[in-house]
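Labels for the chains are A, B, C and D, by order of writing; each one numbers its residues from 1.
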Amino acid sequence: MLAELRGLNEECGIFAVWGHEDAAKITYYGLHSLQHRGQEGTGIITSDGHELSGHKGEGLVAEVFNEQVLSKMNGSAAIGHVRYATAGGGGYENVQPLLFHSQTGSMALAHNGNLVNANLIKSILEQQGSIFQTSSDTEVLAHLIRRNSGWLMKDRVKSALKQIEGAFAYVILTENELIVALDPQGLRPLSLGRLGDAYVAASETCAFDAVGAEFIRDVLPGELLIINEDGLYSEFFAESRDEALCTMEYIYFSRPDSSLNGINVHTARKNLGKRLAMEAGIDADVVTAVPDSGVSTAIGYAEASGIPYELGLIKNRYVGRTFIQPSQALREQGVKMKLSPVRGVVEGKRVIMVDDSIVRGTTSRRIVSMLKAAGALEVHVVISSPPIKHPCFYGIDTSKKEELIAHSRSTEEIRRLIGADSLTFLSTEGMLEAIGRPNTSKNCGQCLACFTGEYPTELYPDSLQYYYQK
Amino acid sequence: MLAELRGLNEECGIFAVWGHEDAAKITYYGLHSLQHRGQEGTGIITSDGHELSGHKGEGLVAEVFNEQVLSKMNGSAAIGHVRYATAGGGGYENVQPLLFHSQTGSMALAHNGNLVNANLIKSILEQQGSIFQTSSDTEVLAHLIRRNSGWLMKDRVKSALKQIEGAFAYVILTENELIVALDPQGLRPLSLGRLGDAYVAASETCAFDAVGAEFIRDVLPGELLIINEDGLYSEFFAESRDEALCTMEYIYFSRPDSSLNGINVHTARKNLGKRLAMEAGIDADVVTAVPDSGVSTAIGYAEASGIPYELGLIKNRYVGRTFIQPSQALREQGVKMKLSPVRGVVEGKRVIMVDDSIVRGTTSRRIVSMLKAAGALEVHVVISSPPIKHPCFYGIDTSKKEELIAHSRSTEEIRRLIGADSLTFLSTEGMLEAIGRPNTSKNCGQCLACFTGEYPTELYPDSLQYYYQK
Amino acid sequence: MLAELRGLNEECGIFAVWGHEDAAKITYYGLHSLQHRGQEGTGIITSDGHELSGHKGEGLVAEVFNEQVLSKMNGSAAIGHVRYATAGGGGYENVQPLLFHSQTGSMALAHNGNLVNANLIKSILEQQGSIFQTSSDTEVLAHLIRRNSGWLMKDRVKSALKQIEGAFAYVILTENELIVALDPQGLRPLSLGRLGDAYVAASETCAFDAVGAEFIRDVLPGELLIINEDGLYSEFFAESRDEALCTMEYIYFSRPDSSLNGINVHTARKNLGKRLAMEAGIDADVVTAVPDSGVSTAIGYAEASGIPYELGLIKNRYVGRTFIQPSQALREQGVKMKLSPVRGVVEGKRVIMVDDSIVRGTTSRRIVSMLKAAGALEVHVVISSPPIKHPCFYGIDTSKKEELIAHSRSTEEIRRLIGADSLTFLSTEGMLEAIGRPNTSKNCGQCLACFTGEYPTELYPDSLQYYYQK
Amino acid sequence: MLAELRGLNEECGIFAVWGHEDAAKITYYGLHSLQHRGQEGTGIITSDGHELSGHKGEGLVAEVFNEQVLSKMNGSAAIGHVRYATAGGGGYENVQPLLFHSQTGSMALAHNGNLVNANLIKSILEQQGSIFQTSSDTEVLAHLIRRNSGWLMKDRVKSALKQIEGAFAYVILTENELIVALDPQGLRPLSLGRLGDAYVAASETCAFDAVGAEFIRDVLPGELLIINEDGLYSEFFAESRDEALCTMEYIYFSRPDSSLNGINVHTARKNLGKRLAMEAGIDADVVTAVPDSGVSTAIGYAEASGIPYELGLIKNRYVGRTFIQPSQALREQGVKMKLSPVRGVVEGKRVIMVDDSIVRGTTSRRIVSMLKAAGALEVHVVISSPPIKHPCFYGIDTSKKEELIAHSRSTEEIRRLIGADSLTFLSTEGMLEAIGRPNTSKNCGQCLACFTGEYPTELYPDSLQYYYQK
């Protein structure tokens, strides 16, 4: 399951609002609905037209902010961020939005994604005397904006955006302007909405529902939106290239109630499950999901196959960051922490276990063995994505040392390693059809790099070293 | 939904272990799996054979305990508790287990349930000079145990248990004995298990799975278990009366992976859903659940009716105790906090909304209106229990001022109040058959008081005043 | 220095106010000025005429209370407490005031002192079925009050006070009455004041200055004050016995700006220093104090001897409860935490080091050696009290295992052990004259038990065991 | 008293150690002894020879660090900082040391002082594309170091130091070097010491005593110390100019046990008091100090005048950052928080009140009135420094809006405003002689700018604007 990678990726969530008297609170509720995209840190910066100020901290939205803090955050514009820690780059300094003051004005930035040429740019800027205080890609853009000349902020931003490459969705706030930008491949999701007279932007549409806003449209690849007192103005900073939205957003990241490209994620997952049932064609007694991402898929699988869907695995909702891990001895005695099999459901049954993906395989092996210990006669693992064979450089960094189990192994070899009675990966074609992006032309509009190795952007030495070290 | 009542009830979870070198840690993991039964406070008391000591606090298990605290809790026996706050009785003092020292020995108690004659006993004891420091029923039992004579602890406990009436599951720990007791009607669930050479007891069997223990059997109504270095010894403190297990444990409280009376809760709920589909016979496009308790039921409903099950409502998992409630103005603009409708699923559809119960009706009305605002054409509310017409005195206290919507209203009147297109309550017979306790004889073994008004115990003035004020 | 004993004693501070609209806040400021009497925990209980409520916690007054908590504490009467932890009896449960609810009314109590027959009474009450939840003497009085019959609260309190023996200053609050009581020997200080129309009572008069109240008079030994809407009413619960105020209150405990028996503590200490200078007659270059209690004394010593007073030892004000103790290795390298010698002041000088007392001697030895390491040629230790040869049972419990260095040693032996060039204890006569309580008659009005072994009350087995184990 | 200014100044403390296996702990204890120089935030950065890492936070040293955090801070070199919040520049970002990573190495800086050309440099650097993330002067130096070319770190630092002007004491740590630098006027104190084989540097010598280190010498004005595995190397980055140590370090800032220029601060203050007694020649009954800075001075005054020194004012040690300020109403009723007069000492007496300085005069007025309310017949205010007539630009920023009471008023006018019976300021000559820096030549080695308006450095527009707005 892709959750194995969490802790390694930089998947985050961003939110922005312009023109609402309760900008900070709206952002609070918006970020709260994006909490599944990052739980390590969060921040909000507001503008009252004269200055930028804000608050940030490590932890959940509901932990970092309280009534007192929020009530002091005035202003009708705000941007916010929820963040996942990267391997080495945790800590308060890296919590976004980043806020930069200069004698000519201030600027706050929040970023979802990963640049592939960040280190290259950093080297050049450092040689020119720049100092970086965070390990965040976001700071790279800030330096580029500052160093570019141009009378208007939007022109400096535009020049800067042309210099960076990779996956990025940005919201940038100055005293009197909100700028929203998406990378030329549209690798990360980013949508625009309307809340009364105010504009909102968010990583996922579920944030619009959370604040009572209406969806207008997705931000387009290579698009730059400038929102200020004159209204909303759109232009493109890049000649549009082929769209390549991260497919894992459908498979795993996004909330079921969000829509990507006009397709509801829950529905897409049900379709993945239906297609998977067709492709797998396994005879069994119950279908069960690895919660939470596998649930919609499993429901679809059950519907198409006629095999009943059951809660064969229960997830404990109260596992927090401070939970005490069981010792090895206790673990061997059977102490469980996060997932429990439901003996009354799986005992004596042939079980189909639906998951989103297999990365390292260790979690899959643990769950299969848990189900068998609870009495499952057979465990058939069905996966709603093709094998992940290649690293991602766009925000889901696989570390160098942790092998992708599918990188150099056949499905049969993986099956044996995880101890399943059968293992089925969804085909690439099946996946694309299920999410409504059939591969009829050369370009399906989705990034498939982790399955196929075909990357939609240039790669740079600091990206490539991951690849060749494997 | 019954969750409306939370904050008003005293539903809790208890856990005990005897004879395991990691008694405190085992209790920690056990309580963690019972966290759904109470999130306001928790505590663990251990015995090392010479003295009792422990730690408790307000908050979640993972918040109250840390490695350092747990590592200092020695001893091979422990009891623990997770607690729901009552209306007026929150605060550190009321967090259990309660620990009482005297010059002749110590005693710790943890309790799940509610006594109906607690105030009566308190009055008598106070007239005799006793002082109560908590508002908890648990302290009443402690005083009775201390005042009863008898050479053996178990005899004093037995005498004390005969004096109290109501719903109660107790675990009591002294320096050298663990005592487990259940009320004569077995109103609260309580099970016995084995973990290697150690004994464990817990409110639900999911705690056994969490710690790798094996289920032995349910504790019987009116039974007293004494566990000490001589082993396990059982006797009855009450001539067994008719069993009357709280039916809401199946409908709402228990975790889907627990078993009550040998019946898996998830399976029971699916059966409730199937029966409900038969009884309701509604034509619609999608079945959706009010999460979490409605999920299993909705799956069963979908299976039986052939109408597809969809995620029409999403629950935000990150709503914590410190979350900032939206103001009325923001709420009216559509800011949501806990439940979001999935527009992509319900828009233009006739929706069947499955919930466990209706108490005050306000939540149901809000969800119906949310679904309609998200584009649902019709909303048919189906409820997996009969109308709740009578207050509960056994741990789910309905407050005096909050009317039960069904107390004096017809189903049609309720339907109109919640704005649904149709409303179906499951019949009592249907419910009992679905959970495998058919009402063939006078006694089905379940408490049905909140539906029928027939209470399985005596009632006392302080219970009855609730009733007559309504 | 007596501070060595801290952590072992039960010296505390109490405050009460009746008839002020800001009762909780007044108590907050009063307790804050008594913070030197106890830093481990604090609490305030208020009465609004109908019910008692409050807040307490572990830590300093400024840590436990905040604006929000205080602003919710309504009522025109309040009692409060600051507490020192006892060896084994720390923890939230023992933080005072203790609050007891019964069906006929509530009662809160706060206590400064130590009962000598508490365990005896506890045994008897436990045999009669009482349960004690704290290890505090305060709970003993609560039980006695409850068990005594009598129509009026004051009569029940009076009967209860007659049953206890030892050192005690109590403030007791009910819904409509404030009761203030002092033990028959007046072992602990307790004063009465007036703040506009309101009455206040406090352990030390500095609390009156802190809240702008006027001192009326000290509460008398064996006196009971009842304050309610009818005004202030005084009676005696004990036939007055010989007054025996703890002499250490002058020497060490009380704040320099308080007055005891009409004598300002700073002035008393200066007089102690002057007398000590006369008795010691040492030739030296500088006089320095062990801060803080030795400061006034050293000033007096310098004035009388003509030897200049210097800051030879500096106390770090920022040593808090959470400070990290230096390891043994670092300590040996000279890492200091709390007291630093001032090399520029003591180097090459003959130093007179003024301290309040010597208990175990370890601290004195450390300071002498610190001064010598900083270059002092000679260190003459002068102590403003006689040798402490006997344990105290009235609130300054010396533990069994920690020997009093003076119990069985001559002054010369002690001098050698602490490494001083000379050692002078003040004579008992000198001490009494200096504090204005000359020993002209048999009874000077002061308790001298720790110097002479003559205890002003009966002793009981649980007190005496300390003595005989030494 | 100068403490009025606190909250407005940037007075801080720095500490560094090179070559000690417990570098982080040594720094912890060193900073703890410098806590009086700043209580708002603190941090420590260590180097293990390969990388820099650390921890910082808002609050006291003992609050920000705990055993767990410290035990993870490996490395044999460390720098640390305690900080005072500036008016607008509080917050986590501004807590020092600042840590800067680049692809060619890392660098940490901590700073005590204030630059007078910081804003000028910032403007220039921003025009060249630099981004500043803090409002701290320290970041200015970091940018200059990075932008200067030079093969060796020390050469880049040297060039950078030549560009800045004002008061500065810096400690700079890289992976393999510790650099210590003092401004050309030596405006801030900075000393060098030895701890076994390790070197230490600190703002005050009291930190050497705290960690068991030996004082070697003061760092010289314009000196740059480089400490690395080759040993200690000294050079000057500035042609030495006239020394001008801040005189307020003697009067107010430094701890009594520190030595500045070989003069013990307590002794210097006593001498100030003796000289003040001579100059004032007032007849009175008692001498009392405004604690803490006035204590040594008052002792000297008493010694020289023969008038007894008494504790006429008591400071509450437990006033923390979270203390609840009394409302205006309570303040008028006499509620006191920080300072209490000792009625028993001042009643009916003619009191000499010794303080270090008068800035705005409001505090002096409050104390005089407090003493009179406590019964003082006369209050004679004597001040151990001349009138402060000019703003300071070197770390003790007087804000624009808060007038210096002495700027345009005679001593008599001030006396009337503060309600004293007499007011004496020490003469400049008297002050310099007392601290052993007699004004025999043009240059006494002390900065007297706040008294005379003669500033030892150039001033720049952003400094001067303070001046002309007054």
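Throughout what follows, contacts are C-beta pairs under 8 Å (C-beta built on N, C-alpha and C of every residue); 3 or more make two chains touch, one makes a residue touch a chain.
Source: prediction; values computed, not measured.
The set of chains touching chain A and also touching chain D is empty. Farthest chain from chain D, judged by C-alpha centroids: B. A separation of 49 Å divides the Cα centre of chain B from that of chain C. Per-chain Cα centroids separate chain A from chain B by 36 Å. Chain centres here are Cα means. That of chain B falls 61 Å from that of chain D. With touch defined as above, chain D holds no residue shared between interfaces to two or more other chains. All chain pairs that touch, listed by label, are A-B, A-D, B-C, C-D.
Put simply, chain D touches chain A in their complex at residues 92, 98-104, 119, 122-123, 126, 128-133, 135, 139, 142-143, 146-147.
In the complex of the two chains, the chain A residues touching chain B come out as 22, 25-26, 28-29, 32-33, 35-36, 39, 60-63, 65-67, 70, 195-196, 206, 209-213, 255-257, 259, 263-267, 270, 295-296, 299, 303, 308-311, 314, 316-320, 322-324, 326-327, 329-330, 333-337, 340-345, 374.
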